[in-house]
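Chains here go by letter, A, B, C and D, matching the order in which they are written, and residues are numbered from 1 within each.
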Amino acid sequence: MPIEINWQLLMPELVIALTLIIVLIFDMFDSISKTILGWLTIVGAGIALWVSIQMQQAGTVGTQFNDMFKVDSFSLFFNIIFLISTILVALISLSYLGKDDRKQGPYYLLILLATLGMMLMAAGNELIVVFLGLELMSLSLYVLAGYFRDNPVSSEAGMKYLLLGAFASAFFLYGIALIYGGAGTTSIPGIASNLTAESQSPLLLGGMFLLIVGFGFKVAIVPFHQWAPDVYEGAPTTIAAFISAGPKAAGFAAFLRIFMEALPAMQSQWGDVIILLAMLTMTVGNVIAIAQTNIKRMLAYSSIAHAGYVLIGLAAANNEGISSVMLYLLVYCVMNIGAFGAVILAKTTDGECLTISDYAGLGFRKPLLGLFMTLMLLSLAGFPPTAGFVGKFYIFKSAVQAGHTWLVIIGAINTAISAFYYLRVVVTMYMREPEEELEFSPYPSTLVVGLILAVIGVLFIGILPSLLLNSVQNSVL
Amino acid sequence: MGLEYYLILSALLFTTGVIGVLIRRNAIIIFMCIELMLNAANLAFVAISRHLGETTGQVFVFFVMTVAAAEVAIGLAIIVSVFKHRQTVNVDEVNSLKG
Amino acid sequence: MNAEQILFIVFGGISLVGAVSVISFRHPIYSALALIVTFFAQAGLFVLLGAHFVAAAQVIVYAGAIMVLFLFVIMLLNLGTLSASGSIVGKLKGVAIVLGLLLAAEGIYIAVNALNETAVASAQPTAAPVTTYQIGELLFSKYLLPFEVTSLILLAALIGVIVLVKRDGPDTD
Amino acid sequence: MSLGLIVVLLISPFAGFLINGLFGKWLKGKEKLSGWISALAVFVSFACSIIAFTSVRGGGGMSGDEGILYEWIKGESFAFNIGFHVDALTTVMLLVITGVGFIIHVYSIGYMHGDSGYTRYFAYLNLFVFAMLILVLGNNYLMMFVGWEGVGLCSYLLIGFWYEKQSATDAGKKAFIVNRIGDFGFLLGMFTLFAAFGSLDFTTIFDSADAGNFQQIFGASTLVIATLLLFVGAVGKSAQIPLYVWLPDAMEGPTPVSALIHAATMVTAGVYMIARSAVLYELAETGEVVAWIGVLTAFFAATIALAQNDIKRILAYSTVSQLGYMFVGVGVGAYASGIFHLVTHAFFKGLMFLTAGSVMHAMANELDMRKMGGLRAKMPITHWTFLVGAMAIAGVPFLSGFWSKDEILHSAWAISPVIYGIGLITAFLTAFYMFRLIFVTFYGESRVESGVASHLHESPPVMWVPLAILAIPSALIGLLLGWGGHNSWFHHFTEHVFPKAHGEASGNMLVFMGISSVVGLAGIAFAWIRYRERVPAAEPTHALHKLVANKYYIDEVYNAVIVQPIKNGSHYLLWRILDTGIIDGIVNGVAAAIRLIGGTLRRLQTGLVQAYIVSMVVGIVLFLAYYLFVR
């Protein structure tokens, strides 16, 4: 049977694939300066972003490949999140990778492959596609985490991520098998139509929970979170930023799509577990973050806690909840990459400043750095008028609407706890005298540009959320 | 043969893999155990596919094998690069990242 | 007891014994060999289920390619002597076995109730084996997208392995 | 009046901030340009303010829905808007902020000449003006709070501007932390209002409150609690007892900053807030609390000022004291009078700070007036302008301070003669310490160190022209706007904004004016007698001298018996116990508990892959069991 392919629907993915090929070819020629590869990646992702925005605005809808690939405003919105993350990460990577030509090519190739994987996860309308997208993304990330192979810590991070990730993938796969048995199909609309009533079948319940395990691992939900701090700390900082942003959003995208579209009939069964996981994740993430001294680890625990906030919106399981989750993930990606970018900016002549006490007095000594870091941390803590506040506000609001008042109260308490460790860094920067004078490297201009973009994003969403909100509310499943 | 028997076998193989992951120190053996888990899932797919009288499950297995091959390639490469630093592949000796 | 049941017990038994051996042999090489045995036995089970192509792929890909890679790395790193020193199992042995048994119990419970109000319960099993031709056709029509994605996954693996273990030469070879 | 005008008014200083902030490196060699861009940005706002002012005079204005720029975030039954409220009160504040602000920007161009952080300074200054404009333009408490926090942040950055100086960063921190206490009160007040009215919009709240239409969460006292909590915020921001301690230390910042932020604009935010919330304070009848805190602050700060020898500190305590007057005004229900004093004070206190800056500029940053004397000859313009400011604050008849202070005292008499009495004593003290400053600094023998004396000079035109410009309104604005007391132009202009004062001022206006004039002039006369030719501090050498110098031996006793205990009390009692003891104690206690839990949980993160897998599997086993067997 001949296959009709509507290439227009696949534009963002095709642009990324084309960029991939161009980067691959350019990487082969020794005569070309490899620093151009990063720029190629940015340009390619930028075009894909522009295409996605256009398609999203136009309300493009359609399926491809026998219903396996679904383009709708939901998937396009997530494409926008992924591509923004990719562009920001590529921008902060340009200076981070240094001038070593051999390091450039594979790095950007893997980032592009991971981005493609994420896009497949968001658009997958079939568990096979979601699984393959997830694996494509994960495999690229395992390598990226261990990318600085001369650094023992980076290798260790890669190995831990890989072993734990593969272990979780096996559960995820088993879960798909059980769902396949329970519903008789792996297609998302197929599952939904086969499961019109709530089912008590152990096959389905078990399968459903194992899917939660698989996604829970990728987005770092307690108790499947323990890889995150180690990997974030060990991985190159740019990659920590990348892992904490796009893949987390991709995990939630597929999570939402599968649970809201394929398993809505079983909402009463997954709902309460999600609530429990949300409480656990927020609380454990925030409480352990307080005890951290390394800023990358602190951000790792904070990212765990943020997964918990997102789960609050997921537990609401209404349109409000979905749109708030989407908004939150966008906000979260921008601010988290920004925070990691600020960590990279705080580079001394003997390496990055990773201990929080290294930041003492930086607020005045390095005003720009202080400003970036402060803004990002305030946004992560959810202070108005930053984007973080708007995101949290809508998440909590959707939960209140769904009647999960207790969840919101616990969320609010957690927000208060989190303010403590975010502000501690700010206080250290502005109110404490440094113990020793650190020699700082000059700011790389691309990194500063990336951070300025992040700042603009955080403030723009924080001050004018309504512009974005309409677009998000039209993108729910 | 009923589907149940295949699924029981698959569950036992999967659990054996999990136990292996939990008890062995050698990263390569842990990795083999993960392959064992993937295979158990494959068995479940094929058995269910057969009992449903449709082919999705078999095709799925084909894709899982590809993924497994890619995962093994990368996994072993990472293990080799860890080995270069520490002269060991015992996971409980690779724990400098913690807290 | 018909032939299918006997073969199921034989292949199933071999694969289980193989699996237990994988996790209990001291030497990684033996574990790898035991794993190959398990894979072969599983290929037998696939044949039993009428999945001839999958069975062939199992032998070629798993037993052939993947396990060779394992053996290669074990020998490259010369791990035999290393892991002989000290314990082969970690500190969590007791916890692990209890957890494993609980998990197995849950898995068996799910399996036993597999036909409880699910799609498989009402389906009609087919006796006819699925041919390679059918699989091939599906891969290039209905499953074209996943098929293409696997090529990307292999590309990622290729790049990844090069990045991680290629020797740093003064130049690119 | 169009929204566009207000947006331009608001955005212009922000644009200035962005230009100076982002292109600071590029502007480094062109500091004049940087300064003028910044000043121009404020001037644009000033021009817009004038347009807005004329529009309001012509009956225009902006309130309720017409001022809404857009909806910020929205819930089911409420929405937070970005919107503006423009009425007489707003335009008065706008003119003060942008007018005085502009002059101070121009002055700064000269004053900050050669400073390494030149562009940073102007970026902060513009940002401050922007935040202050948000504070007064907002049509709801949320925007007011955003501005409130914004000015606090800028103030902190500007106080600690010379961060190489330990004392400057310490002062910055102190201001920041003390203000947090007040802001927390404001925040709680805001929550209370939101809980009671389901909205934070001024119009909605005031209309519902007037109609008695709100949730009585704390019974009838809801409004009392809300207004008192808001007042806690005002006490912090406007440096009243007991949170005034940060303001004198804030003089560590550049002097024009003190003029703009710690005299003319930010510190008056509390007064503005109460005037804006006049409806609530009338209904809650909490004004008297405000008035009492105000008058006590006015008195205490004035007594402290008596014993200071540092010019800027005297001005700082004087600011605290004058803010107290403003609170008396708004507290006794004479809102227009309080705001009127705010306006006149902005001019004359701004002027005095700038002249102090001019003196510092000439004296190589010397601030101790015992090392000055006779500066009149070398710095005539500075001297005359300072004199104008001092006469205005001292209440010399027909100068601006005379009118506004007198109105406040007159209104206070109707509420409580005791408040009036304390206010009057304070007026005497004010005149006394201000002229003590004048006589010791500008008259008598020169005590200037020879090294400094040689290049003692009048400041450059970019500095003295602003002084001269400010001197004119300092002298005349009271007469122009305040002629006729409670029937003055100013009262007519603002009459629609404020509820009618509950107690009509009684008694003959002229009698009160007479008393005030006598008191003010008496203070000046005393200062003249005591300090015309004497220096405050030098150690008396023998008994006879001591006897002669007895009067200012009292100064020392006073200093030891009252000022020091107050200072120490505020410092140690309030600061140490309240802040580090109680607040830190609670915060630290909870934090320590959480940190302990965190530290324990952290140990689960052993770094061992298998330990992580165990926790995953435990999770899987438990949840699966829940699904399979419990449900």
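Criterion: contacts are C-beta pairs under 8 Å (C-beta built on N, C-alpha and C of every residue); 3 or more make two chains touch, one makes a residue touch a chain.
Note that the coordinates shown come from a computational prediction; the quantities given were computed from them, not determined experimentally.
Where touching is counted per the definition, the chains common to chain C and chain D are A, B.
A count of contacting C-beta pairs for B-D and for A-C identifies A-C as the more extensively joined pair. If each chain is reduced to the centroid of its CA atoms, chain B and chain D end up 68 Å from each other.
Distance between chain centres (mean CA atoms), chain A to chain C: 31 Å.
Note on chain placement: the centre of chain B and the centre of chain C lie 6 Å apart, centres being C-alpha means. Here the spacing of chain A and chain D, counted between their Cα centres, is 44 Å. The residues of chain C that reach two or more other chains are 90, 92, 95-96, 99, 103, 106, 109-110, 114, 119-120, 123, 143, 146, 150, 153, 156-157, 160, 164-165, listed in rising order. Among all residues of chain D, those that touch two or more other chains are 602, 605, 607-611, 613-614, 617-618, 620, 624, 628. For chain B, residues that reach two or more other chains under the stated contact definition are 3, 7, 10, 14, 17-18, 21-23, 30-31, 48-49, 51-52, 59, 63, 67, 70-71, 74, 78-79, 81, 91-92, 94, 96-99.
If you sketch which chains touch which, every chain touches every other chain without exception. Residue ranges of chain A in contact with chain B, taken from their complex: 128, 131-132, 135, 139, 142-143, 146, 149, 152-153, 155-160, 162-163, 166-167, 169-171, 173-174, 176-178, 180-181, 184-186, 229-231, 233-234, 292, 294, 297.
Within the complex formed with chain C, the residues of chain B that make contact are 1-20, 22-26, 28-29, 31-33, 35-36, 39, 42-43, 46-53, 55, 58-59, 61-63, 65-74, 76-81, 83, 87-92. Those residues of chain A lying in contact with chain C across their complex are 1, 3, 30, 64-66, 68-69, 102, 106, 109-110, 113, 116-117, 120, 126, 128-129, 132-133, 135-136, 139-140, 142-143, 146-147, 149, 158, 178, 181-185, 194, 199-204, 206. Contact residues of chain D toward chain A in the complex are 70-76, 82, 120, 142, 146, 160, 163, 169, 173, 176, 591, 594-595, 597-599, 601-602, 604-605, 607, 609, 611-613, 615-616, 618-620, 623-624, 626-628, 631. Remark: chain C residues 90, 92, 95-96, 99, 102-103, 106, 109-110 touch chain D in the complex.
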